[in-house]
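Take a look at these structures.
Same chain, two partners: chain A is paired with chain B first, then with chain C.
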Partner chain A sequence: MSNLAGKAYALSVLSPIKPWTTWINQAVLLYSLIQGRISKTESNLKKLTFIHYARWQVVYRDNWLGEPPGQVKYNYLLFFSNFNGTWDQYIDAFSDVVPDRLNLIWRWSVKFPGSVPVTPFKGYIRLNQYDTDYYYNAYPGAATTDVKAAIFLKQSLDKFAATNKDLDPAAFKLAYNKFLISIQNSLMSTGAGPRFTERHQAASELKGAPYVN
Partner chain B sequence: MTTQAPVETLDLEDIQGFIMRSYPLPCARYVYVHIDDKQVNAARSTLEKLTELVTASTVWPDATGLEHALNIALSFKGLMALGLPTSSLISFPSAFAEGMARRKILLGDEGASDPSKWDKVWQDSNADPKKSIHLWLAVFAADESKRDSYYSQLAKLLGLGSGMSVLGFEDAGRLKDPTTQQYVNTEHFGYRDGISDVEFKGMPFPHVDGRGKLMPDGSWVPLATGEFLLGYPDESPENPLAPIPHLLARNGTFMVVRKLHQNVASFRCYLNEQSKKFPGGKELLAAKFVGRWRDGTPLTLSPDKQDPILADDVNRNNSFTYKDDRDGSRCPMGAHIRRMNPRDAMLFSKLADRRRIIRRGLTYGVHTPEDQPGNDTDEHGIMFLVMNSNFERQFEFVQQQWVHYGNDFFQGDDKDPLLGNNDGKGKMVIQGDSKTDRAPHICTGLPSFVNTRGGDYFFVPSLTALRQIALGIISTI
Partner chain C sequence: MSINCAWLSKLTKPINLKLNKNGQAYGLTVLAPIKKGHADKLRNTLAKIPPVDVDSPLANIPLTHNARFNVIDDLPFIGAPALYDHLQNQYLLFSCVFDTGNSNASSVEADLDAYLQQMFAAMPEDITKIWGHCVDFPEPLTLPAFQDFVKKYQISGGLFFADYPDNSAEQVRRSLFEQKQFIHFAIKAQDIKGSEPAQLKADFYAFYKTLANTPTPPAGSII
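After this line comes the complex of A and B, so read on.
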């Protein structure tokens, strides 16, 4: 019943596309997919800690479940994303960092106002956003950055333990320091995180579970 | 690209002077005033008289010789008491209308910082409509006697028949050594404060690198005016959310008043104990908390020693990025200044540009010399003022996501070591250095060094808006 589960937010946006421009939108998505593999901006975007996942997908009007063919007027662009942090932070970041890319993807959607300035863009997302009915989060006390860090920490520790068994104390100390430096940015705490309402705190505490391995 | 309207010059005579920069005046008195809404005409006429005394930005760029100054702000309840029409009142942002106490979950004001533990004047303001703080007056002066004599003039204006009454006040000012009576130039924890200031378009000062926004070519340019003043394009670029009518908003800003109590003994004790385990020693540990040595030298520029010449050089002491310090080996990832203004720490400096705040603060209470343990109980701290055009996007975001959380900097739930509401369970990783094999150091058991003792959200109107409010001619029709 909420877009929030633990520290994650699920965003689903369905915006109508005119059927006769859908092929351009498809081509743009394909182009973006390729561009995303080579562009520095995209690779930096993936390093941002608060984006978990983002995907755009065209849903054709004849593929709607339960709707007879011919009933649905438009094709739709589905934007599905999971992120950590606030809705505003997420939309702000997209508008600030990749405005041209967003315009290229969404300009085929009916009445898209452009990704800059941000207020009309936010209005468009809100109007076309579908709230989440059911959302499950296995690690409510962790962001994906924390989960990735924990996996990295575990793997590094296992590797360190396996390869440094036979060192004398002085050599071990040196190796251990090097190991600590290699994992020093994977030592963040997990827990309830920022709250938006008093009930939000209670909910994330009930689900408990800061990430432990 | 963006099509921002150029802001060549601002109406300095219309903008309150303390928004631009801190006055070179070491003493302040912040006065909390209640308006009797049954005497609204008298209150408006008092406001008109006060407005004539307000210090505008025309004192800049060089305010030397200034002996005293006066600035004014109004709370949402204050605007109601002065009879603004509902159509205008409802156009103000909801965060402002709610006020600071009701934003406590977002701001981390819990435990010892909970509004139920604030100073009486702030608790009363929240609980008793007859004691609401409606008007905030700030008197700044060259010394205490000038402050007192200027204040006594004001107090006459606020006397019987003024439609206003003084609920209380708080004195603040630069700290002095108790024996020599010389200014010590630091706050209670021994850090030099007020080094970092923002630069926005139209400010009447020469450009300084490191204060505005970082461009892709590595240069620094002023931020958009609308990040700090209403009625101008912001970084989006669009005009920030502002009340109507336009003349009420234009050249005004929103201000956070926050009384931050400092637990001097807890801080000194923690620093002493923890530095026994920290190989770099006490001063380096103190520097790692903040990202600057206590004299203000940025760790990113000078990781091994204080550099007084660099610390004093306004053209260099803010001019740095984290490009060559991505892993935090110089300035830790979770250090105070890296959280308050991440510059390029998140790879895209644009992500920091819309979260900048103007910070004005003056210490209150008596300085405890460095060689003494101090105590937590005396009244000492910072009267912290923040100015921004959008509470939610700027101050509250920084407070919630960056001070009390740290995912954006790979810090998870670890909080700001100085400002975080840490409650004895706080942790900070001080990154080591792969070049020298210096191991990371983990500070655990961090207590709350700072507690909130009061505060609220205020609107700092332009002089035009103050006159309009005083004349009762605000209309949205």
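After this line comes the complex of A and C, so read on.
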């Protein structure tokens, strides 16, 4: 299968953590979680705007059920990400935009070289990455930015339609033009990406479906 | 020096956050051992699932945002002086993000139960085809047994990032659909002769009414 589903890439990484530093790693995750939730800004990750969902979890030695005691020597930091763009763009952006946060989370992993400079960081991710055997995406034609813009547009459209119903036509036209200006950055071009095959398009594109107006 | 002391393991496992949610989104991670000699069969099974998202059995669970399966053959070795970790079993790693907003569940565990119930109803044969290669998979398959199986191998906690945690997959698809439709309308509206205000208003509300009555494209479709 593939690490790709539509415009999203599934990254899965397992990096070893020494058991006696795992509690620090958990504390860092907890700190990041609380900081994000309280501030409502989530985290610096939002600056990247191309990650749909991402997750860091600790897999303890005894989470590998079925292994004999003592078989697994390290705990592991499991990292999942669902992002848009290429693998290189993603790692580059991570390294550029949130290097301190990445270092805080990953520095407890064995032999982690740091997120800057980027070349050894990429090497470390490559070494610990697992390819995806099956990947499903519920909205494969949209990138993260598309999704956020569409959500904003729908909310704006509903509000516009509800509040301007009683205007006379001239005032409505003025309001409509103002509305268009306010949502112009949300008029994204979604749909099939360049690497979609004809088979994908034939099976799943909204092709041939008439526009409603 | 051995680092596999039982007391050390307990000491370094002080926090199990049990926080699998961000907003209404739930992050599920399941790490289940594969039966001996079944890893290749499992990979072949996964390769036969329709790759086109709209045809995927997971598209029959509208709560799902995304899902992935990884077959873990062994642990990574990053070179000396790191220790060499080796697994005696191979593992199936499943991860997905799903909605809990409409589940009416009273707890996080109930959210998971509700999702697994939908999965069980939507793709029972695929569940067996995939997880049937794993140790402890219940046969015959029943919903409670499937829920217990998933929970037994679930990895909880950690840091879960979501860029739009309060929007369901259905809302996302609806928004994308309406966005696409509105762009088409806006372009067409520019052609209204002289942008006649009365015509513009009539066309807009006709469009808006029709849009409201048009169903959302199915999960997995390219909008």
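As a working rule, the second predicted complex is superposed on the first by the 175 of 213 C-alpha atoms of A that agree within 3 Å, B and C clash if a C-alpha of one lies under 4 Å from a C-alpha of the other, contacts with A are read in each partner's own complex, and residues count from 1 in each chain.
Convention: a contact is a pair of C-beta atoms (placed from the backbone, for glycine too) under 8 Å apart; a residue touches a chain by one contact, two chains touch by 3 or more.
From a predicted model like this one, the values you see are computed outputs, not experimental measurements.
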Once chain A from each complex is brought into register, does chain C clash with chain B or fit beside it? fit
Quick one: name whichever of chain B and chain C touches more residues of chain A. C
Between chain B (first) and chain C (second), which, if any, makes contact with A:Thr49: first, second, both or neither? both
After the superposition on A, what does A:Gly191 contact: first (chain B), second (chain C), both or neither? both
Identify the partner contact of A:Leu180: answer first if only chain B is touched, second if only chain C is, both if each is, neither if none is. both
Return first, second, both or neither, reflecting whether A:Ser15 touches chain B, chain C, both chains, or no partner chain. second
In the overlay, answer first, second, both or neither for which of chain B and chain C A:Thr163 touches. neither
In the superposed arrangement, which partner chain does A:Asp146 touch: chain B (first), chain C (second), both, or neither? both
Angle at chain A between chain B and chain C: what is it in degrees to the nearest 10, using CA centres? 140
Counting only touches as set out at the top, which of chain B and chain C does A:Thr119 meet: first, second, both, neither? first
A:Asp92 contacts which: chain B (first), chain C (second), both, neither? first
Compute the least Cα distance separating chain B from chain C in the superposition and give it as a whole number of Å. 7
Which residues would you name on chain A as touching chain B in one complex and chain C in the other? 49, 142, 146, 149, 176, 180, 186-192, 196, 201
In the complex with chain B, residue positions of chain A that touch it: 7, 44, 47-50, 84-86, 88-89, 92-93, 95-97, 116-119, 142-143, 145-146, 149, 174, 176-178, 180-182, 184-198, 201
In the complex, go through chain A and note every residue touching chain C. 1-2, 5-6, 8, 10, 12, 14-16, 18-20, 22-23, 26-27, 29-30, 32-33, 36, 42-43, 45-46, 49, 51-76, 78, 80, 82, 105, 110-111, 124, 127-128, 130-142, 144, 146-151, 153-154, 157, 161, 165, 167, 169-170, 172-173, 176, 180, 186-192, 196, 199-201, 203-206, 209, 211-213
What residues on chain B touch chain A, complex-wise? 2, 105-106, 235-238, 241, 327-328, 333, 346-348, 350-351, 353-354, 392-393, 397, 400-401, 404-414, 427, 429, 431-434, 437-440, 442
State the interface residues of chain C toward chain A in the complex, per the touch definition above. 2-4, 8-9, 11-15, 17, 19, 25, 27, 29, 31-33, 43, 46-47, 49, 51-56, 58-59, 62, 64-72, 75-76, 78-79, 82-83, 85-89, 91, 93, 95, 97, 135, 152-153, 155-164, 167, 169, 171-186, 188, 195, 197-198, 200-201, 203-208, 210-211, 214, 217, 219-223
